[in-house]
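Before anything else, here is the set of structures, which you'll find just below.
Both complexes shown next keep subunit A, but they swap its partner, so subunit B is in the first and subunit C is in the second.
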Partner chain A sequence: MTAADRTLPALSLALQVFLIGGWFLPDWAQSLLILAFGKGLVVLGLLLLIRTGLVSFGQGLYYCLGAYAAVSASKILAFPDLMSDALAMPLFGGVVAGVLGLVLGFLLARYRAIFFAMLSLAFSMILYGLLIKMSVLGSSDGFNIDYRTLAGIKLPDGMKLYALYALSTLLVFIATACLHRYLRSHLGRLAPAVRDNELRVEYMGSSVRYVVHVNYIIAAVLAGVGGGLVALSIGHIDPDLAYWTTSGEFVFVAVLGGTGNVAAPVLASLLFEWIKSAAYQYAPYTWQMVLGITLLLVIMFLPAGLWSIFQRRAREA
Partner chain B sequence: MTDLVPVLIDGIIYASYLFIIAVGLTLIYGVMKILNMAHGSLYALGAYVTATLVGAWFSHGLNPYGSFALPLLAAILVGLVAGPIIERGLLRFMYGNDEIVLILVTYALLLILEDLIKLVWGVESYSAYQPYGLLGTFEVAGLPYTKYDAILVGVAVSVGVALTWGLARTRQGKLLLAVIHDREVSAAMGINVQRVYLVTFTIGTILAALAGALIAPKVSVVPAMGVEVIVLAFAVVVIGGLGSLPGAALGALIVGLVGSAAVHYLPQVELFSIYLVMALVLIFRPKGLFSAAEARKI
Partner chain C sequence: MTAILHAQGLNKRFGAVIAASDIDVSIEDGSIVGLIGGNGAGKTTFINMVTGYLKPSSGTIRYCGRDITRLGPRQITQLGICRSFQIPQLFDSLTSRENLLVALGIVVLEAKNFASSASLRTENIEAVADETLARFNLTKYRNTRVGVLPEGVRKLLDIAMAMVVKPRIVFLDEPTSGVSADQKFVIMDMVMEALRAQSVTILFVEHDMDIVSRYTHRILAFYEGRIIADGRPEAVLNDNSVRKYVVGDQPVQGAAHVAN
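Let's turn to the complex of A and B:
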């Protein structure tokens, strides 16, 4: 347990390192980190679901919804100034995703194993099918998106990227720290119990469906905020955010990192984006193959993910 | 509503090839409890091999009617090579894992196969259109349809009949049903479960490749086709009930008809409507339309 107690101080140290170190990084590295942090939030939600024993092949639904909500907030809602805010847009995306998660959660909380995976996949493909053909929603071209302020403060041109970077670093810190606390709370500790034996959880007087539902909503909110951040970073959104291969990528990163610690998804996401950008440049036709082989190796030799390497070392020490 | 007939016919043609893919997927799931995400890539592989064979056949100026054997040849080739390699080389080390872990394994396989296809055939599109128009057309309600499409429907029906007959009437089929029912007891009774798995996976692979091989003359063969078709095949088997043969047929018909109706009446909702049906079926019949009741195990 001593290793777990170090998590919060380590996270705040990492926050400071990333905030200060990021200032000296070139633009492309900052953009890459924002992307990795945004997607890391989605994978953080998957960590919670996997701890509950569920794998969703449809987190792209909330990821995409968050991104589209962020855009529609700036385009449609009545406060265009407020809604081109780099903080308000992802948060709005998270809220919209959370509301949908609440609604769909009533249904999905009844499903397990592949049926959970398939139904969540179906929902994300419904959104994809809607977006790709509806011209009011931008159809396959999508929308461009921009931000001008951060928490109401107007951003000078030279500061825009770093402001978004600092925001995403801060959001990831808040999300991981809160999730870490949550996992050690009563409700959070029920998640692995649900995975191990639902019947016992029910006998002990807790509602399995409630646990699944709450965790599902949290995962949806995280995916929505992550989608909003990624949308701001890329500056463009399209329906592919909801396509099932996007969701598959999140599952890949979650398996890669493992569920041992809240930092694992974020680190795995950083590693993934870094490898992906390098592989895209040097081996555009074989990088998926590299990913596939990596996934197989992780499943075979590190079933608890890359994080288990740290844990093993901690135990030996 | 005068155009109900073309909607029906297009739907049935669409359903035929969906059925051939989905039946392989459902067979593998039924026996091995693996929801094979790489099934779509095997389908793509079948299409690519067919495109290559057809291209070579016509560039050598061989008898054009002989080209009808090529899709079948391609399917058997892909099935007999890829099936055993994947089953013996990878999947057999994974049995006994959680179903979700097995999905991840086949997802990894999908990623590998997708790039393997790109490495061999590149990213440009291929076509194998020649056999499609060869037999000419026939008319239904004033609209022309190619005879190739009629053959496609015939192949789907024959596959369905052959599998049903094979499972119910042959010794091998009965062994298979025993393994589906209880793997451990079957093994204890002396059934070679390893071999049953190998044969099942190979047949499933042949069927996936056959669907791709038959569709190749109708469409342009592109890298994304496997990833696109696998989610449709999921929809089909989930609607019908995972592991059920009549379920796959019904699911294919539903998806085929819904898809073709959407294309004819309201093209904006094509993809959307298929997954909506899938979600609705899962909501009201979580295990699909043709699922048997299952005893709860603690």
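Let's turn to the complex of A and C:
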């Protein structure tokens, strides 16, 4: 059995470990893990884009949109019951992000390299600028967000956090497993092919633009769901979710994990949140420097990301 | 034999440079045609125009009676015209087998658009990939990343990639360039055997006249964007214009000119 074939059983095992183990974790650790899982979903989308040869510095657009979409629908469209559901909110965020990804994808699928990166960043900053000015959405202060049910079932106060934790664990499992299968499908196999040689893909009879567009939409949906989860975990949203530094953080995590496996972004996100949290605690005035040094070390010693350690061991075995 | 491809009045200009000038040619179904000429003679420009990479400045290209002049590479490939490249165009980070799986996956994905792919199913693409590797003697490279393969092997894989869509016409752009002299005929024998098994019309660019005369039914000689000779190999290779402008030999006294 190859290393790649072990991914789905390993993910299933990880799901069980996290679901059971999470029950015994303190609240702060559960919150940290929800945050890491939510951001891990965004980075999972980035993994797909990077495998297609594209780096987006604007995933904050969909991350923020996912967070705002559910709450805005609740406030503006008056669906309070549906939109206070911990499952419906991130899923709705994913749908809205996917629709915007579909629309913007028609333009972005034409661009490559730095032009794609900068254009994606520009769109996220446009959203940031709009949100800052929109008083109905709380302007720069944003607003608080809460959930009362999960899949229609009312949650007792003592269960709310674990329910959200279990949901985020399950969503991450579904997303990684689905993406793993997708990358082994005919369309998914075209991602590295497009990265390597667009001309050949066209000369084999496929549309490069279509492949890029589909992968861009998938990345948008994942970012939207991730944004929804993080919003529920923090209990507050504001325009900073779309700020370019947020998008930069996702690229940071993608580099940290590498693109060798669908589990890499989630593991990297867990590690990143742990380093960030520890740096806040032990070096509150120099935490950015800690993160910077971490990235520097990874690029110097593990240019293919942390997952390359597992790949190297698998090759040696 | 009936004409499968017909180019009429093809011209291509890049600013002041004339890359193709008044090319009129019909290619019969099932024929093997050699394209010869010096560097910049217009051979690759002709291939690029027929396969949709370049749009002609004027003129028309018809394939099975259909005007394909303005179609792109994707649509032309789907109609049944494929090509290999002078510099092999492969997916360098993938293995040989993965390259073929990508190519075969496209055929399955785009089955409704391909003219000739009805029998390919998801369940059998791995077997087809292995069979293709065996046919081109590439089995030992199946799990090797193609970015590190020798040029001759890359050339073969490039041709194998073009053949997986079961084209009716295939253009091979210098299939033996970069291959050692003693391996050229070995490779060409293998390629021709594999291609003949699929009853495909073959046009190939080649600078080695021994290869051209051995494998082709017909030769088109290019010079300065024009076809200066068109006919059977022995006649074209003895044509005075071809000897002077293409082969580089002295013209033969009393030799006939093979009209285009």
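FYI, the second predicted complex is superposed on the first by the 315 of 317 C-alpha atoms of A that agree within 3 Å, B and C clash if a C-alpha of one lies under 4 Å from a C-alpha of the other, contacts with A are read in each partner's own complex, and residues count from 1 in each chain.
The working rule: a contact is a pair of C-beta atoms (placed from the backbone, for glycine too) under 8 Å apart; a residue touches a chain by one contact, two chains touch by 3 or more.
Every value quoted in this text rests on a predicted model; they were computed, and no experiment measured them.
Engineer: Regarding the shared-chain residue A:V103, is it in contact with subunit B (first), subunit C (second), both, or neither?
Structural biologist: Neither partner.
Engineer: Using the touch definition from the top, say if A:D196 reaches subunit B (first), subunit C (second), both or neither.
Structural biologist: The answer is second: A:D196 touches subunit C but not subunit B.
Engineer: Check the contacts made with subunit A and report whether subunit B or subunit C touches more of its residues.
Structural biologist: Partner with more touched residues of subunit A: B.
Engineer: When the two structures are overlaid on chain A, which partner does A:L187 contact: first (subunit B), second (subunit C), both, or neither?
Structural biologist: Only subunit C is touched by A:L187; subunit B is not.
Engineer: Report for A:S207: first if it touches subunit B alone, second if subunit C alone, otherwise both or neither.
Structural biologist: second
Engineer: Just checking: does A:A10 make contact with subunit B only, subunit C only, both, or neither of them? Give me first, second, both or neither.
Structural biologist: Neither partner.
Engineer: Quick check on the output: what are the common subunit A residues between the subunit B footprint and the subunit C footprint?
Structural biologist: 199
Engineer: Contact residues on subunit A for subunit B in the complex?
Structural biologist: Per the touch definition, subunit A meets subunit B at residues 55, 57, 107, 110-111, 113-115, 117-119, 121-123, 125-126, 128-130, 132-134, 199, 244-245, 248, 251-252, 255, 285-289, 291-293, 295-296, 299-300, 303.
Engineer: Could you list, by residue number, the parts of subunit A that touch subunit C in their complex?
Structural biologist: That would be residues 185-187, 189-190, 192-193, 195-197, 199-207 of subunit A.
Engineer: Sort out for me which residues of subunit B touch subunit A in the complex.
Structural biologist: Touching subunit A: residues 35, 90, 93-94, 98-101, 103-105, 107-112, 114-116, 118-119, 123, 227, 231, 234-235, 238, 242, 267-276, 278-279, 282-283, 286-287, 298 of subunit B.
Engineer: Where on subunit C does subunit A make contact in their complex?
Structural biologist: Residue list for subunit C touching subunit A: 51, 72-74, 77-78, 82-83, 89-94, 98, 101-103, 105-110, 113-114, 122, 161-162, 165.
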